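Here's a structure for you.
Per-chain residue numbering starts at 1, and chain names A, B, C, D, E, F, G and H are given in the order in which the chains are listed.
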Amino acid sequence: MNRERIRELLESVRRGDTGTEAALERLARLPFVDLPEARVDTHRALRAGLPEVIFAPGKTPVQIAAIVQALRESEQDVLATRVEPQVADEVCRRLGAGEYEPLARTLWFGPAEVPRTGKGSIAIVSAGTADAPVAAEAESAARRFGNETELLQDVGVAGLHRLLAASEALRAARVLIVVAGMEGALPSVVGGLVDKPVIAVPTSVGYGASFLGVTALLGMLTSCASNVSVVNIDNGFGAAYVATLINRL
Amino acid sequence: MNRERIRELLESVRRGDTGTEAALERLARLPFVDLPEARVDTHRALRAGLPEVIFAPGKTPVQIAAIVQALRESEQDVLATRVEPQVADEVCRRLGAGEYEPLARTLWFGPAEVPRTGKGSIAIVSAGTADAPVAAEAESAARRFGNETELLQDVGVAGLHRLLAASEALRAARVLIVVAGMEGALPSVVGGLVDKPVIAVPTSVGYGASFLGVTALLGMLTSCASNVSVVNIDNGFGAAYVATLINRL
Amino acid sequence: MNRERIRELLESVRRGDTGTEAALERLARLPFVDLPEARVDTHRALRAGLPEVIFAPGKTPVQIAAIVQALRESEQDVLATRVEPQVADEVCRRLGAGEYEPLARTLWFGPAEVPRTGKGSIAIVSAGTADAPVAAEAESAARRFGNETELLQDVGVAGLHRLLAASEALRAARVLIVVAGMEGALPSVVGGLVDKPVIAVPTSVGYGASFLGVTALLGMLTSCASNVSVVNIDNGFGAAYVATLINRL
Amino acid sequence: MNRERIRELLESVRRGDTGTEAALERLARLPFVDLPEARVDTHRALRAGLPEVIFAPGKTPVQIAAIVQALRESEQDVLATRVEPQVADEVCRRLGAGEYEPLARTLWFGPAEVPRTGKGSIAIVSAGTADAPVAAEAESAARRFGNETELLQDVGVAGLHRLLAASEALRAARVLIVVAGMEGALPSVVGGLVDKPVIAVPTSVGYGASFLGVTALLGMLTSCASNVSVVNIDNGFGAAYVATLINRL
Amino acid sequence: MNRERIRELLESVRRGDTGTEAALERLARLPFVDLPEARVDTHRALRAGLPEVIFAPGKTPVQIAAIVQALRESEQDVLATRVEPQVADEVCRRLGAGEYEPLARTLWFGPAEVPRTGKGSIAIVSAGTADAPVAAEAESAARRFGNETELLQDVGVAGLHRLLAASEALRAARVLIVVAGMEGALPSVVGGLVDKPVIAVPTSVGYGASFLGVTALLGMLTSCASNVSVVNIDNGFGAAYVATLINRL
Amino acid sequence: MNRERIRELLESVRRGDTGTEAALERLARLPFVDLPEARVDTHRALRAGLPEVIFAPGKTPVQIAAIVQALRESEQDVLATRVEPQVADEVCRRLGAGEYEPLARTLWFGPAEVPRTGKGSIAIVSAGTADAPVAAEAESAARRFGNETELLQDVGVAGLHRLLAASEALRAARVLIVVAGMEGALPSVVGGLVDKPVIAVPTSVGYGASFLGVTALLGMLTSCASNVSVVNIDNGFGAAYVATLINRL
Amino acid sequence: MNRERIRELLESVRRGDTGTEAALERLARLPFVDLPEARVDTHRALRAGLPEVIFAPGKTPVQIAAIVQALRESEQDVLATRVEPQVADEVCRRLGAGEYEPLARTLWFGPAEVPRTGKGSIAIVSAGTADAPVAAEAESAARRFGNETELLQDVGVAGLHRLLAASEALRAARVLIVVAGMEGALPSVVGGLVDKPVIAVPTSVGYGASFLGVTALLGMLTSCASNVSVVNIDNGFGAAYVATLINRL
Amino acid sequence: MNRERIRELLESVRRGDTGTEAALERLARLPFVDLPEARVDTHRALRAGLPEVIFAPGKTPVQIAAIVQALRESEQDVLATRVEPQVADEVCRRLGAGEYEPLARTLWFGPAEVPRTGKGSIAIVSAGTADAPVAAEAESAARRFGNETELLQDVGVAGLHRLLAASEALRAARVLIVVAGMEGALPSVVGGLVDKPVIAVPTSVGYGASFLGVTALLGMLTSCASNVSVVNIDNGFGAAYVATLINRL
């Protein structure tokens, strides 16, 4: 149940269209939805006006479906992340609903077109083919969170001509999410081309001395560009969340 | 020479107040100022409308004074960071100017009151007494970059009553910078109290398993609050820079 | 064979109810039970008056059943930890006994209700859904070790309202076990709310920079709350063991 | 101002010995003492009935003296830790008070003999000569916190005869603090000899692969004795704090 | 083809029992045996008078059988280590020979009873049940290398009574191999009980902060007993090899 | 005594200009020069036709002067690296010779102009002011080793315009040495602009998560540009050595 | 489409053999080939005159086949690396072309005999049997890149006689690639035997303290031989790429 | 008081040369010598027939002198290690005795010529000039412990001709101590040349990726030569101790 719907409910009460008891019944579900598996906190989404987010790994399709069901009954939009295809299939089958994006591995329960609440556009830039899933997760989450998004892929630093060709698109964004594995140099270079906040996402792509993303993470933290801040390895969702809050300012 | 001054110069030319040659002379210094010690890039500040920043460690007072001098001749404001007191004394003595903040270790060459270009206020929150210098650097830089700032200190997570007492101040900020050493838990707790972007700064405060800030850094990167992004250990300046760009949006 | 049963045996001998030879036969098994797979030490349990504990990983159902059998013949209670469901099934089938708790993955051979030897209650607090198995192991072990337990789940630091709502329950405990993954901040916050010893258990929950629990571990070791001590990653059993010894004081 | 003194004050008010205004005046200082350098929280000590503790590194003698002064005016006992000899001299000179223990590097402002509030005795066991300062800090803090203490030194695991000779003393303690550097094996061995909670303190003693205490820390966390929990490297004070809370149960 | 057999061959030639050509034919295989998969170096074994050793992981049964075959044709004894049961079965089936020890995972091609060339006995001591495979590998290799061996298991440091009960056996050995996982404290304690060289083998047994044997390794390297040297994690074979060379002195 | 001088000596002998005994006398010093402090190996330099190199740290001015003296008597050119100014002064004073480059901290004993034996030019590119000493060491060594060198400084990745402005110079080099601290991204970007071998030198410049050069090192090892190989942190000399061997091909 | 073919095309246009439109059509594909899965950059290969390289892990046979197809239509040679046998089979079946080398795991689409563009030969030296796949990848790539190659295997440092026996072959090479796992000592020893550039490749071979190649990597970076530079763990291809660029000089 | 002297004392008692009371007086000091600073354990030296060893760092000259004095009064030989020159001076001045070796930093109180109790000779081999102090400590300790020693310096792996020239000396030793920093490859190469036990000592020599000896340590632990075991970084004394025990067998 998001902020908008609560406002409508309250006005409906004011107008006499909804009885106090009925309104109470619906509001009573707030702020906790209790399930056998988890005590779902709808508080935060309500406060921030954002959909609920479920981190799927470690949860069975049955558990995910139950949580989604409970949240949907509170008229809350839901985004599940890191959902494997077979899990997504099973959840959608059980609920008879859900929009799955296979590369991003996100599963969405809400309007096909989320109203734009972000003021500008968020650019998601990625370095290599292998970074695509994390970039896609960031893009999908940012879009579902009500932002216009622009996805720029395969613009690694060892091929500057591509990156420079994308300069205009980069400068057009209000916030940038830059996704890179291996040496994680892309945020530094992009950060030098724009005057907007850059959120860097290291990915676990690479082998040997990339240490499952640690090298990229450290590279981003020590970036020589000052407009870069960093989130956890592979955390495309987290970057989208921060970018959304910024884009609403 | 910042954006505003260039605009004035150009209008002065348009009005005929400044001759083409004189204007040329002043503009000619752009975008590089060449010094024996360093090729100072005035490009970025110009583009971003921010003061130039000098990272002082490893530079002698003579070198710092020379760089500041050259930049000031381009009518550029300058902020030096991590300036030790005796270095600051010497630089100020040589230039006959400069405003030093001892806790923050920043040295400022520019107007005493920088016009507010940030739209809201930036809250700087710190956990313990020992984190104060990093918090002060962030606050000083944010202020010099044209933001209203609010400094909330000694609100560590093991004494929640203080943190909760500051809730209103936290919620009033448009962007938050949270500074903490040791286990670095404060950004998670603050992040859960607000719906604004939180920039976390780990500090090298602590001993033993705090590993000079690595523990705080890792804790912030794995924060259970989604609105947190992170900058390098002790990087108060970097946090202020990112927060400034966000606060201008 | 625990302390109580030995006392009974000796008194039975004193009363003439049990013959010397029979008593000898039973006592002779002490302090070692020799098995092909392992030399089981019943000494410690006898001394501490606690059940024997078997760490199941790396042992086959046949081996576990044999060890349990031997210990049960010494009239000793037995707790097996980290028992996978299919292993538990097989062990129970072979022995025709055993009480399995699937979330905690503990398997118990002893009285359904263990007499309370702990003086107060032990609170087990966990941060997120994913920490539940470790919290459950701690709770199960503490209960089987003769303590009253209170399990408080999903009270992470990014949602302080839940944690504060549980303040009374926290303060009612004589000892607290706090289980958390990711940044491991919960013990610091809980430690600040109570004046009792807090045993922190980092979990391997998380991804990327959580480094399989290392980040949580380091965070707990550098906690700004002074009443916190730490056990190994995922070591719910160990925390319960320490808490039990404290609760008996 | 500790719990006992507040009770006295309140009873004095009840008896009419102290006027309301005077009582108010004294209580008004609670729960914060505001100083230029730090906002001293007297809350915790009040709640726990323990002295205030000041971590000295990074504070000047002037700052330490000011904090102690303010706390003493609230009738609060104060313990400062990690105080270098020359700092201690200067603080004592300024305040005309203070009891310094050079090996432990603690500085005490309170009664020479603290009333015993701990129920049993705390044994502090250390492995080698070089661990003595950390053991001394633990012992000093435990004593100042109202415990009977027993200090057993130089009982390293490579000379078992000494350790075994101390068995009786070890078993007599209600809580044990075990301090060791290098491989940190002592808590495991002591833990196997007693049925009481053991708090292990790794020290930064050693060279090469001892990695400033990390090896000892890891060894203690993976101890094969289940009654061991661990605090930060060199954190003798923290161990004493936890042991005190346990010993009051 | 070992030293002894070459001497016999040469004497046979001297006596005229073997023709020069035939001897040449057999010697010609030295020092290399060339196989498609690997160039087997028989040099070292010849020089040291020890069997050839094959590290099985990463080699197929067919490859192992081929190498063994080639070496056996040179009349060389062969020990294969880390051989999984099904691989051992297949190799033995192909060659119609081979003695497999399942716990040690060694596969032996040579005389059932190797003549004792070691002067005293080698004690192999292990801490816990889970260390048994590494201890067994060390024992098996030491035995196959011509040493009398004594295996002492389950004598961990948290149960000193067992270790002390084994003191005589420990003191009887000429060289000791001590195998331990987790905190790796056993070599320090054993090293303090004997005046003989102790070779410590860390094992990857444990979880969490045992870091797959790194904690045990570091603990052993920083042992407070001076008579301890260390080999790689799980390297039972290497310890046996070093112990054999010492025992031959 | 280098290859060329030996050839001359031998031809002088052939022509009868030098007596056999005299030639013998001079050749006799080869290949070892024995000194109290070190056995100087003139072999390698002879073979490679390169000057001898002395790593100065840990050696006293007296020791360095003695080694240089001995080598100079063998008519060998000498380059000392990491020489602090006061050490250089003292060595030069003692020997009455030597050319010191303060930024590079190299001290040279040989012809002012070394004949060019490298076929093309070596470009040394550095990212920031703080990397200058390492770049200077690489440049000085490459020049003393007989190469034409081009030094391009302050061309970090966050200011691409400068780097692109230097494209021509980069492409003109036959081998490139790229020096960078912090995130170490420069070799990737430069590597993408040229088709020549790039030798990357991480520097220990930076703070916090730059971990004294480890972050830059890892970033370079995982570079997305395939033409990059890496030497040790701060090893400007090593890069120059490798580049020299390549440039002679 | 490589450099040579473009030159032919242009001359064909000049001679009137190819119409402008047809030439345009073929050139138009440059520099990008857009595919659903990836934007393939043919720029780099064109510039460097090297085949395109596809890193296979994480790509399906269908994706690999599509990329190869597109590149082959641009008349570009293609090398795929890290191709598992079953993937290779499927790709070859789909395209009806491709040459697979199972040990090297490379898949080649181009002429069976690549014209020699490297001036000398590249020696690939490996330490143990287990390093063979990485050495084979390096050899295969170097050969496909137009170099004469020499593969020297099983010449580890613990058996110097083999290594010394190969001295001539080592000295005959113009560039050397040295592949080693475990302690990674081979590049130092080889580096001491030759005066040519040595590219060291650490492998992830080993167990325990070899840490998946990190130990070998660190050993190579700190090599006491100055002519060694290093690439990422297991990066045989990268070493071949660098060696190729050097061998073309 | 060593074993030999006790035997003499006892025989003197048997012969009636020494009275019981006098003998008692001297024996009474055993096994502990209690000092204000430390409880000196003379047990171990007695048992092993080796001198007492004092690790000097962290002890004042006064403390060292007191311990030596007490031990000398028990007729015990004493070796102090890691003694800085000025400390050695002061201790010798106070005691009017002591033999200092500056490179080894050992200080000896005992007979100038220790009787040879080791059966063969111990070779100490070191790689570079910078490893000399650790090699010297090992040599000094081995000599003082009653061994014939052979010191072979500057025989690094990048100059095989020197190492091979020393082959005879290496093969003549009964035990070898190999000291190396940087990549730590020397033990592998030496281990391949001999059939005797090799004790490897990593040194903290090097910079950058040598990580204060960690790289050398890891390299030695993963040595491809099977006759190598390892002691702590810079632990020359420990290696001498182990070698002594082996050489007495």
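Here is the rule we use: a contact is a pair of C-beta atoms (placed from the backbone, for glycine too) under 8 Å apart; a residue touches a chain by one contact, two chains touch by 3 or more.
This one's a predicted model, so the numbers in the text were calculated from it and none came from an experiment.
Student: Which chains sit in contact with both members of the pair subunit F and subunit H?
Tutor: G
Student: State, to the nearest whole Å, the distance from the C-alpha centre of subunit B to the C-alpha centre of subunit C.
Tutor: 50
Student: Go ahead and note the Å separation of the Cα centroids belonging to subunit B and subunit H.
Tutor: Result: the chain centres lie 55 Å from each other.
Student: If you average the Cα atoms of subunit D and of subunit H to get two centres, how far apart are those centres in Å?
Tutor: Centre-to-centre distance between subunit D and subunit H: 39 Å.
Student: Taking each residue of subunit G in turn, which ones touch at least two of the other chains?
Tutor: Where subunit G meets two or more other chains at a single residue, that happens at 44, 159, 192, 208-210, 214, 217, 221-222, 232-233.
Student: Which two-chain combinations qualify as touching?
Tutor: A-B, A-C, A-F, A-G, B-C, B-D, B-F, C-D, C-E, D-E, D-H, E-G, E-H, F-G, F-H, G-H
Student: Residue numbers of subunit A touching subunit F in their complex, please.
Tutor: 127-128, 156-160, 164, 182-185, 188-189, 191-193, 206, 208-211, 214-216, 218-225
Student: Provide the residue numbers of subunit G that touch subunit E in the complex, in ascending order.
Tutor: 129-130, 153-154, 159, 161-162, 207-210
Student: Give the list of subunit C residues in touch with subunit E in this complex.
Tutor: 31, 37-39, 41, 43-44, 58-59, 202, 204, 212-214, 217, 232-235
Student: Mind pulling up the subunit G residues that touch subunit F in the complex?
Tutor: Touch list, subunit G to subunit F: 44, 47-48, 53, 119-120, 174-175, 192, 195-197, 199, 217, 221-222, 226-233, 237-239, 241-242, 245-247, 249.
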